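Next come two complexes, and both contain chain A; in the first it sits with chain B, in the second with chain C.
Right after this comes the complex of A and B.
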C-alpha cells in the first residue's frame, strides 16, 4: 500500500461533490470536493506500489485538458492508467450534467 | 534442336516404390493404428518436405506424436511446413533431429521455445508466412513430398469427411495429391457411409484410424463476463466513429475482448443509433459465440468461417441462412477461401495487437517470443489491385485524383497500457530485436503503418488516413496515446488542432458519454446469456461453464 500526493495550479472551480467508480479489483473510486483555492490537491491510496511517475503523468495530462480546482481523493485497486483516466473524465461528465 | 533425354515421371515412380514397401501392411487404403511408425519410416525419406497439419483449431495429433517416434537414423533432415506450431512434439522432432528446417505461419503457445531453438541452431527457419503465402507456396516452391492430415471420418474406400473443421485440409491434400506427393490421413472414425464427402478417396493414399480423436481447441470463445467498461467505451466509439461513419457493411473481427464487446453492443447500442441493416451485415468470421445475439436479433446476413469453434456445431446447423452449411447439416469451413475473402472482399478488418510503434506499425512478436501472425497480415492490409464500389471503400478515396483508389479500412483497437501495465506504444518494436536474434530476412511486423487507417484507444480515435504527413500521423497517435511516453509528448494545442481537422475524435466529439459505457449495455453478460440467446443450441465447452 502506497500513499501519493500531488498538487496542480488550476482555474476552474467545481460546484458540487462527485463520486465515481467502484472499489474492486482493477478499478478505483474517485471523490472530488469543491475548494476555494485556485489549485487542486490529489491524494492517491494505491495497492500497486512503484507507479508514482505514471500517476503523475495521468494527473498532469488530466489537469492539462481539464484545469478544475478540487480536493480529490483516489482509492485505487490496481486500475490501469486507461481506467484511471476513464474515471476522471466520467467525473467531468457528472460535473457537466449539473450545469 | 536436340532434346536431352529424361524421364518425366520420376516423382510418380518414386511414390509407387515407397508405397510398394508397405503393400503388405495395407488393406485397401487402410493401415492398422499400431503400424503407423513403420509406415511413416517407409514412406518418408530424409530431406523430404513434409506438411504436418496443425491449424488454429484442429491438430493431426496422432500423426505428430507418431512422427516423433520414428527412428532418426531412417527419417531425418525433414523440412517441415506447418501453418501452426501448437504442440510440444512439433518441436520435439527437431530436438530428436528428425526435422531440421521449418516454414510456418503461427506459433502461439510454443512461441518462446521456437525463438530459443532458432537461437540455439536446433531449427533452421525458412520464412514466417502469412497463411495465404504459406498455402500459395505449397503449389510453387514448397511442394510437399508427404502430407500428414486429420479427418473426422473416412469410409471403407478412403473418402473423407472433415465437416465443421475442414479448415485447410483440402488445400494441403491437393498440393500433394496432384504432384505425386503422399497423402496420409488420421481419422477419428471409420463408417460405412459418410454424411458428405469433403475430400475424395482418389486424393488419399493411406488412412489410419487414430488412437483417439484429434486435438481440438476452442480458440475463439470469449466469456462476456470478462469484458470491461473500457472495452465497452472503445466499442461504442468504434461503432459510431468507424462502422457508422464509413458505412462498413462487410468485415472481419479479429480475436479478443475488444471485438467481442462490439459484437455484443450491436443489438443494443448499435440498434439505439438506428444502424441495424446499415452496417456489419456480411462477415468472414470464425464462429465467435459472442456474435449469437447479433445474429438472433437480425443484424447478420451471412458469415463465412475459416474454421469451426467447439460448441457452436448445433447452433450453426440450425442457422443455414447465415452460415455455409452442407446438405448433411454441418458447416463447411475453409481457411484458404476465408483468408482470400478477408483480404480481398471485405470493407474492414479490425483487431488488436501487443505493440504499436510511433508510426503505427504493429506486431504481436515481443522479446523472446517468435509467435508469427497467422491471418492478421492478410486481412490487415490493403491489396493494391482491388477495386470496390462499396461506400466504405469509396470513403477513403482521394477525390482530387481521377484515378484515385479507395482503401480497405484496417483498424487497430488497443488500450494504451496492457494488463501488464506496460505501454502499448513503443519507440521501436521488439520485432526488430527478434529479427536480429533469429536472423530473419524481414522484421516480423504484423500490420504495416501504411495499411493502418484507424487506431482506437480508450481516449479516442485517430483517423490516420487523413493525416497529410508522417509528423501529423505520429501526433495523431500521440494524442490518443494516454500517458505512455508517446502520449506524454502530445500537448493540448496539438490535440485541439487535430480535433479541429477531424483527424482525432474524442468521445465527446462523437456524442458519446463515457458514463454510458456500462456492462449492462452488453446484449449478453455471461456465457449462460449466450446459451439462452441461442435457444439452448450453443453448447459451451466445460471450461466456460458455470456451476451455479
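Right after this comes the complex of A and C.
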C-alpha cells in the first residue's frame, strides 16, 4: 500500500462533489471535492507500489486537458492507466451533467 | 465456447517461455485462466498463469488445439476444496459457503484464487484472499436482485462482477448508477457505456 500526493496549478473550479468508479480488482474510485483555491490536490492510495511516475504522467495529461480546481482522492486497486483515464473522463462527464 | 474467467487445462510443453515453466515450477498439467481480450492470431487463446505471490500474473497465449479441458466458473459452485477442513475459517471460504446457499438456482461462478483452487486442486487461496463472485446475466432481470437486497451487507464485503454477452461490469457500480454509463470490460478493452446487455 502506497500513498502518493500531487499538486497542480489550475483555473476552473468545480461546482459539486463527484464520485465515480468502484474499489475492485483492476478498478479504482475517484472522489472530487470543490475547493476555493486555484489548484488541485490529488491523493492516490494504491495497492500497487512503484507506479509513482506512471500516476504523475496520467494526471499531468489529465490536467493539461482539464485544468479543474478540486481536492481529489483516488483509491486504486491495480487499475491500468487506460482504466484510470476512463474513470477521470467519466468524472468530467459527471461534472458536466446538470442533474 | 470459451469465456473470460474460464480455466483451461493444457500440457506445459506448449509453453514456449521455458524460463516461465521453471520459475513457476509448473507440473505437466497446467491450469490457466482465460483473459478477456483478443488473441494476436485467431487460433490462439489469451491466458494468465498464477504466480506464487499475490497479484503475480503471467500473460501468454496458447494454441486453441492445446486445450485439453475447459472448466467454467459456474460448473464448480458445488465443489469443496481438497483441503476444506484446513481453510474452513478463511473468510473467502466462509463467503463461498454463504453464496452456495443464497444463490442456489442462479447462474453464478467463482473466479480468482478460490475458483482456481476448486478447479485445479492446487493450493491457491490464503487467509487474506478475496472472494471473486461472478454473476452471469443476459438481461437486467437475470441479476438476483432480491437476494442481493436481502443480503446487502454480505455483498458489500467483496467484489461481484456481472458477466453479460458484451463483457463484465462491477455489480456495485451498476447498483449505484443503473441508468448511467458504467465501465464495461470487453474483449477489446474497457469502455464507458450504457449498452451493457446486448
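The definition used in the following text is that the second predicted complex is superposed on the first by the 98 of 99 C-alpha atoms of A that agree within 3 Å, B and C clash if a C-alpha of one lies under 4 Å from a C-alpha of the other, contacts with A are read in each partner's own complex, and residues count from 1 in each chain.
Quick note on the criterion: a residue touches a chain if its C-beta (ideal position, glycine included) is under 8 Å from a C-beta of that chain, and two chains touch if they have at least 3 such contacts.
Here the structure is a predicted model, which is why all the values come from computation and not from measurement.
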**Report entry** Combined model on chain A: chain C and chain B, fit or clash
**Finding:** clash
Query raised in the report: After lining up the shared chain so the two structures overlap, which partner does A:61 touch, if you call chain B first and chain C second: first, second, both or neither?
Result: first
Requested in this report: Determine, under the contact definition given at the top, whether A:37 touches first (chain B), second (chain C), both, or neither.
Outcome: neither
Query raised in the report: Looking at the overlay, what does A:24 touch: chain B (first), chain C (second), both, or neither?
Result: second
Query raised in the report: Thinking of the overlay built on chain A, is A:83 touched by chain B (first), by chain C (second), by both, or by neither?
Result: both
Query raised in the report: Between chain B (first) and chain C (second), which does A:16 come into contact with in this model arrangement: first, second, both, or neither?
Result: neither
Report task. Kindly classify A:93 by the partners it touches after superposition: chain B alone (first), chain C alone (second), both, or neither? Result -> both
**Report entry** Clash-bearing segment of chain B relative to chain C, given 225-233, 405-413 or 477-485
**Finding:** 225-233
Query raised in the report: Which chain A residues contact chain B in one complex and chain C in the other?
Result: 26, 48, 80, 82-83, 86, 89-90, 93
**Report entry** Residues of chain B that touch chain A when the two form their complex
**Finding:** 228-230, 233, 415-419, 421, 457-459, 482-483, 487-488, 491-492, 495, 507, 513-515, 517
Query raised in the report: Once bound in the complex, which stretches of chain A touch chain B?
Result: 20, 26, 48, 51, 54, 57-58, 61, 64-65, 80-83, 85-86, 89-90, 93-94
Query raised in the report: Which positions of chain C touch chain A when the two form their complex?
Result: 55, 112, 130, 132, 159, 161, 170, 172-173, 176, 181, 183, 185, 189-192
Query raised in the report: Which chain A residues qualify as touching chain C in the complex?
Result: 21-22, 24-27, 47-48, 78, 80, 82-83, 86-87, 89-90, 93
